[in-house]
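Chain IDs A, B, C and D follow the sequence of writing; residue 1 opens each chain.
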């Protein structure tokens, strides 16, 4: 397929396109490393990889403004990195070190960063949705122009919290962008076994929310859609729903035997992978070649190596600190 | 309560005091808003916010759809986003629909984020029985939340507390749950003209005594005070300790009263097994084992879903006579 | 308006039409009595009257078969009576007597009757929906032809349990008839303040559930719609959603000052009340006259009087029985 | 555990035993079916029902969408409708989304209906920590449910119990919750060839002893047994009581062990305040006050949302060393 790659549109900013590629590559390589570190026991707990879905987060994050908030799930390494949490801090978190972005208390599923408005890392499916709605409510009441980006999988759409949150956001015309990462499976449950209506945009529209289907494997498409959504939300037009059609190349978590889908199905999708296809297009547009690739890979490898070293040499929080952060340290 | 009102005091109902507290909070801090089912046009299911919609407008007195999980969760998000939301859940029974947001999210974010994301959210709920509302509207489930680290659980019993605890809760950087017993709203009490925020970490002795301690909170406080009067007629001098806050518990105050009287009755409208009364008993057992003359007694709700019929509901809930009997047994040791 | 009443269609069964009228009148008068008994302190707790909405329950219940289940709300006196629970048992329940249909433990909000498949009387808004879905699942698995009738107010449609239940029923094609009694208010919250999409049938259709809007003030319309729904559900076509547009003439409960709507608005609707309009049509068709009305009223009054007497002379459950029915008495 | 398997016994993991119990139930009674997230195609999140879909078909091994409230509630309705559903909730943490159905409906219908509508529903949930799953996947919330009249709460710790309690729960006319600790699934144990339904009303002594009682349940049982071995090396003879069922508690067995040893450590992975350990302490205090030489000690989870980092999680959860230390303090009285 790559051989048939379509060059990028003429009006594209080549440097930006390459940067999108680099960002996707960066989170891909980072997670490959995580998988390795998981196998060697350095990372524990649950680890959910975003591999295959990078075009979604990468496209979306381009429109996230400094004062916006991102509310994500347990499959959020990519988003965290894209949002600007340092790789050191993310890796250290997975190592459970004090230098981690959640001080080692959260782990893979609970990356947080107040500075960049990254408010979780929520591992209750659907649990982040009301939070995002509330953040948007605060933004609207304070008229501060912030948007809440609510990221979730298609599986979450069956939860009551989806329904309640969509209604509230629409009723109150709040600046939330609902980003559904439809990878067609919730653990082992295929979309058509979890939803009576699999046209997810129709579900969203039933709340009178503007909804778009987006090719989640195409980073230019995801970027453009997110921009439309952000513009609309910031203009005061209320919530926006984006269904990104994508695919998860790896197991749900590291405990998954993947009995619910064939190797072949996975392979088919891999051929349409965001790095592969976008890389080929960049090449077709002469924006990328082997040498540039190698440079990018080398830079990323270095960053990852440093992150691992940083995490390795991080400090385990002393057990005496266990009781901290149950309540705020400054009390009235 | 005397009919002449002391100088510098005002008499008002618990409802009015709750209302004043809310009013003051809304007036003083623009970030504060009230959100919940029927807090606006209806005036609040217990009429606490009657007229607020007109005064503060629909942005700040925000009627919500029936969706407890979303509007409680939206409170969390709004709190993180810089507001100071007060979320009203009509009764603690309905709060079970929002239990995920309260326990899995509000209570965990600060810790999971390594101290970064605090959630300054206040949730008010009605609780308790006594109006024959039966098994889906009458339970005292506050102890479910009192079990959860990361939450604070307040149970104002007096006009001063229902007014003042709200201010303190709003100043708190972390999630605070306030439980208002449904039978208190019409109860009158005296409030100092300059009443304001109150401490929420200390239990308070509402009646000093020497022979037996009645440890309680919320709606049951008044039953205990009534019981204490009856006990006095029997020559028994009871102390009444109002816990005020169920999490964190004021161990010091509890042990102090235990040490003074050496006999304890805990009165709690929650079910006995696994209720807050169990925790208090356990702490007394652990911390004041050698101070007790006799084992602690618990007067709690019977272990049944609260029934509708009056005589059954009465029998299911702790009554003054039960308290008097329990305290009497302890002091007189008749068994 | 009554002066302009349209006669009934020619093909109507006159006796049946009169019977529908009688059933509506019966539950109306019963509840008027309840309100009175509430004022005099004989009935306590919360009391939610169905007055104004009788055409809905009356029409629906004509299609409920013996093995079906009805899952209702706290506004269920009418449904309970229509389903065949005796007036004595319902009144005694509200008096909190042992002879009550829930032995005095449930009260107005929790009428139950195993014999007629009346499984509550659920006072958690939305709480009955999953139960109805489960009952329908059992029916489908047992292939017993039963249908679950799930009755709720429009306010319940904002709850997550609505969403989850609709999806499950549709996904599994279960025989549930969802009967939304849209009286336009949830306590004091008007429909357009609780739903971003006030076309409720659109909400239902978003789950790929067949949905109809029905004039809930016209008992012939409600009856016909319920029959269509029942036929469809029994034929194995999955769930069916009926929105009955109706109006509550009385306060939400006995504690409601009705600040959220005008007297005038209520009055306008009363003029369209189901008894008034259907009575006029029966008269226009010469199926009803003053004498027949008087006879009906007298019969009903007698039944109500007997029910009150029955309830008055009922037995308060001895306090020693308090602990019963927390667990079943026969244990394995 | 010895490496030679006694005659008439089989060695198997807790997972296999849970699986056998399910298999037998599905085979024996057509009304039984299993419903929950990923019980089918995925094989169960803890692989308990692996292969069942193929064997029993999608009607009886029913994958559900992510909608805890609806599928737990559907279990209630199906139970009322004549089936015998087994609903699986992946972990007790997620069950908070279904708390309304469990507490407001399943637990109340029998009572509210005056004895007419019983709900023969079985809900299985994983519980507990120890796999570094952090603050939304590691809590032991079973005591929230143990507080609620109308529910029964089972906590099988052994292969025999996880297999046999399911059968008993299915025969029960009322809602039964079964909690399986995540760390147990891979643990091996011996099962009698003719193992079947087991009693659920009696606690069981898993190790007889005379000097101190370790009262526990679920995952902590094995820590207590290990602690008992270590204590033996210190010359301390510990008895280990496995509660098995948290509601109703077996008071008789608890008081019997207290009376025998006069010293008690309660070990519970739930948070200390308001946990089941509080209720047990309170009951001992009330019913065996004069039998104790020293106050009961509780070894519970620290009052924090369980953190991810290994050393913090270890510190947050009760460990063998903590149990040994607590028991040692009681017996040697060194403080």
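Heads up, the rule we're going with is that a contact is a pair of C-beta atoms (placed from the backbone, for glycine too) under 8 Å apart; a residue touches a chain by one contact, two chains touch by 3 or more.
Since this is a predicted model, take the numbers as computed values, not measurements.
Q: Would you mind telling me which chain pair, A-D or C-D, is linked by more contacting C-beta pairs?
A: C-D
Q: So which chain is farthest from chain C, going by the mean of the CA atoms in each chain?
A: A
Q: Averaged over CA atoms, how far is the centre of chain A from the centre of chain D? Could you give it in whole Å?
A: 36
Q: Could you grab the centroid distance between chain B and chain D? Build each centroid from C-alpha atoms only and quote it in angstrom.
A: Taking the mean C-alpha position of each chain, the two centres sit 31 Å apart.
Q: Centroid of chain A to centroid of chain B, CA atoms only: how many Å?
A: Here chain A and chain B have centroids separated by 41 Å.
Q: By the touch rule stated above, which residues of chain A touch at least two different other chains?
A: Chain A, residues with two or more chain partners: 102, 104-106, 110, 122, 124, 127, 158-161, 163-164, 167, 171, 193-195, 326.
Q: At least two other chains touched by the same residue of chain B: list those residues.
A: Residues 64-65, 67, 69-70, 93-94, 97, 100, 104, 111-112, 134-136, 149-150, 303-305, 307 of chain B each touch two or more of the other chains.
Q: List the residues on chain B that touch chain D in their complex, please.
A: Within the complex, chain B touches chain D at residues 69, 93-94, 96-97, 99-100, 103-104, 107-108, 111-112, 134-136, 141, 143-144, 146-150, 247, 249, 270-271, 273-279, 281-282, 284-286, 289, 294-298, 303-305, 307.
Q: Which stretch or stretches of chain A touch chain B in the complex?
A: So the residues of chain A touching chain B come out as 69, 71, 100-106, 110, 112-114, 119-122, 124, 127, 129-139, 141-142, 146, 148, 160-161, 163-165, 167-168, 171, 324-332.
Q: In their complex, what parts of chain C are in touch with chain A?
A: Touching chain A: residues 158-164, 166-167, 170-171, 193-197, 202-203, 205-209 of chain C.
Q: Could you pull out which chain B residues touch chain C in their complex?
A: So the residues of chain B touching chain C come out as 37-38, 40-43, 45, 63-70, 93-94, 97, 131-137, 302-305, 307-312, 314-316.
Q: Give every residue of chain B touching chain A within the complex, in rising order.
A: 33, 59, 64-65, 67, 69-83, 85, 100-101, 104-105, 109-118, 149-150, 152, 168, 171-174
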